[in-house]
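Next, two complexes with chain A in common: one pairs it with chain B, the other with chain C.
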Partner chain A sequence: MGEMPVVPEPAALPWWWALLLPVLLGVGTWLALVGDAVCSGERAAFAVPGREAARLLVGQRRRTVAGDTVLGRIGGGVLPVAALLAAAVLPLGERPVADLSVGVVWFNAMEVLAWAAVWMVGWGANSALGLVGGYRFVAQGLAYELPHMFAIITAALGAASLRLTTIVDAQQDLWFVAIMPVAFVVYLVSAAAMAFWGPFDAPVGRDVAGGAAVELSGVDRLVFAGGRWLLLVVAAAMAVPLFLGGGAGPLLPAWAWVAVKTAAVLALLLWLRHRFPTVRMDRYVEFAWVVLIPLAIAQALAVALVVLGGA
Partner chain B sequence: MDLTALLLRVAARRPHVLVVAVPGATAVRLAVEAALARRGWPIATGPADADVLAVAGSSGPELAAVVDAVWEQVPAPRARVDLAALADVDEHLEAAAALLADVERQRTEVVSGNASHGAHDHSRPRQGDHAGHGAHHQHHHHGHGGTVAGLPMAEPGPDRDGLTLDRLHVPLGPVLPDWPAGLVVRVTLQGDVVQEASADVLDAGPAAPFEWPSAPARELDGLARFLGVAGWSSAAGQARRLRDAALDGDRIEAEAAALVRRVRRSRTLRWLVRGIPAGPTDVAALLARRLDAIEGVSGASPELQQGHLAAIELADLLVGTELASARLIVAAVDPDTDRVEAGHG
Partner chain C sequence: MEVVLFWALAAAALVFGYLVFRLDSMAQVTFALLASFLAVAGLVLLLGLGYLGVVIALMMVIEMVIMAVFMIMFMMNPAGLMPMTMVHNKVGSAVIAIGTFVALVTGILLVDWPAREGAPPPDPTFALGEALMGGQMLTMMTLGVGLFATIVATVVLSTDRGRYGDER
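On to the complex of A and B.
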């Protein structure tokens, strides 16, 4: 095909999609909230996110004695910003807002910000339970981050590229979830842990009265909780280009398949929370280092051998 | 159009309610929790998360002081209901929702709250070491590291790993989610490890203990709290629904058996509660006994459930545990603080 005139196809979406992206994610998050309310058996589930948002918008903000308010508020603000920046490399259909050659690394770098953010919120309140919550998330990071990195690197390995559009193209024949099921499962588990969601919600657990978020009210709580939901939605959406073939699928356009697959992954994550009790840090760190990391490494090794064999 | 008024009205449809359980008023607490479940109003995790503060019962002087301190920490818009009797729970909650939606009232409250600067902003240290819901650093009188904003710094002390770490004096309770009524456990924390603990029940006195209509209802109440602490909200909600049904006189045997099966079958829960000692027994055994009692296999409640005695022994069980385990132990033992004798504490 070398003789054909090369028409450079723009890999990224036009610039104004950067403005549309927060709106899209917001709508996705709103729907996820409704889904969770339905799962929890709430009455008027469709109204729950609206009522909650209204409640927090009119709520008074609080400060605590000798708290580091600036640190805490920066921490809360970092969560939604990190989620949005991570979503920039997410192919919405066929193309992402920013088609970075190191998309996988960018995504990982952005989500790691959550680690700092939750700790800053917990520390900033000068409150013992907040501090415990913040440190729980640091411990949780020690448990989830390594298996998580091995899982996403396995997908990059399978496509021999860190560019997400290339990873999607590499799955035209076979979705990566079929070649690397262990990496997919590890990714899902660590996605929940990263958004301190589901069985990994100890950092904001009931037993410590809300943990890192214990002193947050009003718009501070809205930003923190909203950021956490955005993070969950983005982490679920990233499973689609990494393991589920991106926008590939019959009949429907690519963007619709991305939406459908993201919704399916989100539903799985919502179900996780209802199915399992909170996994405490002392047990999860042990499980992650003894079981998840060896499994993830073995998976990466197997995929590496397949790639080498195919080359 | 008045946006604030609109938001207040929308928000008042589903306020978060912080329920303060008063020892000796279990019946009122149960009525409040059932009313909240009927309305679909969530139970708040702490004052920061609350719109309505509902005091279930008439609190004695010690608890009343704590409740006032907690009320100071609830951000506006807010409403407080003191429920002394069983009958008017619904009316009071209705009135609280109306108050939350009342823009005139809430506007003045917001302004005064900001102006007085003391109420929500914690700009003065609170008095008494069991004020508040235990979230703040409560430093005792002997800080050696100077002071910050009038509060003494935490003093360092040796920890279990031979390090020197800060010691925080933190009261757990009496206003904590899924926590026994009126119980306060003052702990010294290093990181999240409990180094010292002493337990106490506020306003211990001659209260008429609540007569549970059925043993399964009582054990379901305890199970709901335990599952709540274990972070299994869907199973905890199921236990609470069944408890309310049992108290209404419905037959729940089949559903209770299904819940017991669900909890017993959860390998994750077993893995999580395994190997946490609680005196002569452990948390897993206490949970198993509670599940048996729900099934009606053994009617007798665990012998640790003997009011004040249990509260004092409880403190010894917590020393050396991590905060998450400590909460599980308290929830598993679940001391009946209604049955505390006068003259102690």
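On to the complex of A and C.
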């Protein structure tokens, strides 16, 4: 029988940070959008997100015949809410807004809500192309989620804890990216996939005229697209406490290092999107099942042996 | 606070469970069921079982989304554009459902519950893991590997090529 580990005191930020979190996340997403506009070579890149948001805000909402408005609206709203809830366990500097003892699992649970959300949006419009987009995401869901789950759990395994602050503390000597590089790469790829982003944008792809989002306009599109970006930013930011040592670094304070590392991961994901075209879905599903999942399991096994050897 | 949350979640679980039989769209029914399960996950969280509660939420979202696909695939009127009833033998099923509910509630109210002895462990997640993986390690590992092999085998067999490659 193992020793019951000492339960650390939750080290959460004061409650009013919960109000500040959406603002912080919004600013981060805005900067990411500007970066994306720069990558696309648009002029006046700083104005692009604001201009687009204003255009969508004054735009008219499209109604479709016999659509399922209830599910469609709920689906669109779930995306940003899930991203925000996932961000609650994210250490902003040294402490998160909510220091849950099962933070890693909470993060993943909020991420998979996107699954349901995209399907609901695709379904809600009562449009064939929208439905195709929604089903695309669901069909690939397991191929995205399983490698993702194994990558996340490998980091938790390395720290022997599901609490994010403990995972960060465990990386004081050596960042997990050095111990588990495969898990890090798998995490990055599947994080982009979970936000149906970059090479994985088949659910909202051009070949189906925008897929799940085909009938969205005005505020609905703003909420959906914004939620998707928030999800990407949160998933990129989560790589920092999981693999990149959290706020550890010389000279700068912890929060600045978190920001710098998050920006670096986001830049990598942005580059990925501009460098690679949409991956064919059947190819990626096969790759995920035949290559990524075995690799991720082998990585978890290696880390487990290291942990057992060290104890 | 906890009492209020308990009653709110319990009511939500019941109402959404009831809606499963009242709504006439397969998609809405699926997500009403999901909402009911999420309320139950909230109740488990209230018990102080963080891991179990969050895992229920995680698993139920995945399961219900997959189930939506299958339910709609096999339904005669998937979109619910025409009103349809979700139950066959309406009177019978209502009697069974309400009867079970009443019987369970009477049981809960009538049983002389013992007072709690001992205290919860400091880390319920660890205790759960030890209970599952300590004495029952072999069972759980066999189960886990067996389940995973089943998933992989099913996927392999259901791909277009099957297990024999391109030649058919």
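The criterion applied here is as follows: the second predicted complex is superposed on the first by the 301 of 311 C-alpha atoms of A that agree within 3 Å, B and C clash if a C-alpha of one lies under 4 Å from a C-alpha of the other, contacts with A are read in each partner's own complex, and residues count from 1 in each chain.
One rule holds in what follows: contacts are C-beta pairs under 8 Å (C-beta built on N, C-alpha and C of every residue); 3 or more make two chains touch, one makes a residue touch a chain.
Since this is a predicted model, take the numbers as computed values, not measurements.
**Q** Is A:G41 touching anything from chain B or chain C once the two structures are fitted on A? First, second, both or neither.
**A** first
**Q** Between chain B (first) and chain C (second), which does A:L113 come into contact with in this model arrangement: first, second, both, or neither?
**A** Only chain C; A:L113 stays clear of chain B.
**Q** Which partner reaches more residues of chain A, chain B or chain C?
**A** Of chain B and chain C, more residues of chain A lie in contact with B.
**Q** Let me test your reading of the model: by the given contact rule, A:V105 touches which partner, first (chain B), second (chain C), both or neither?
**A** Once the two structures are laid over each other on A, A:V105 reaches chain C alone.
**Q** On the A-aligned overlay, A:N126 touches which partner chain: chain B = first, chain C = second, or both, or neither?
**A** Once the two structures are laid over each other on A, A:N126 reaches both partners.
**Q** Go through the superposed model and pick first if A:D207 touches only chain B, second if only chain C, both, or neither.
**A** Touch partner of A:D207: chain B, not chain C.
**Q** Is A:R62 touching anything from chain B or chain C once the two structures are fitted on A? First, second, both or neither.
**A** First partner only.
**Q** Touching A:M194 in the superposition: chain B (first), chain C (second), both, neither?
**A** Touch status of A:M194: no partner.
**Q** Tell me the contact category for A:Y135 with respect to chain B and chain C: first, second, both or neither.
**A** After superposition on chain A, A:Y135 lies in contact with both partners, chain B and chain C.
**Q** Once the complexes are superposed, what residues of chain A are shared between the chain B interface and the chain C interface?
**A** The answer is residues 66, 126, 135 of chain A.
**Q** Sort out for me which residues of chain C touch chain A in the complex.
**A** 25, 27-28, 31, 34, 50-51, 54-55, 57-58, 61-62, 64-66, 68-69, 79, 81, 121-123, 125-127, 130, 134, 152, 155, 159
**Q** Can you list the residues on chain B that touch chain A in the complex?
**A** Those residues of chain B that touch chain A are 4, 6-8, 10-11, 13-16, 40, 45-46, 48-49, 51, 73, 75-77, 106, 110, 113-114, 120-125, 133-138, 148-151, 168, 170, 176-178, 189, 191-192, 227-235, 237, 266, 268-269, 271-272, 322-325, 327-328.
**Q** What residues on chain A touch chain B, complex-wise?
**A** Interface residues on chain A, with respect to chain B: 40-44, 47-48, 50-52, 54-55, 57-66, 126-130, 132, 135-136, 199, 201-202, 205-210, 213-218, 221, 273-283.
**Q** In the complex, go through chain A and note every residue touching chain C.
**A** 1-2, 4-7, 66, 68, 70-71, 74, 100-102, 105-106, 108-109, 112-113, 115-116, 119-120, 123, 126, 135, 138-139, 141-142, 145, 162, 286, 289
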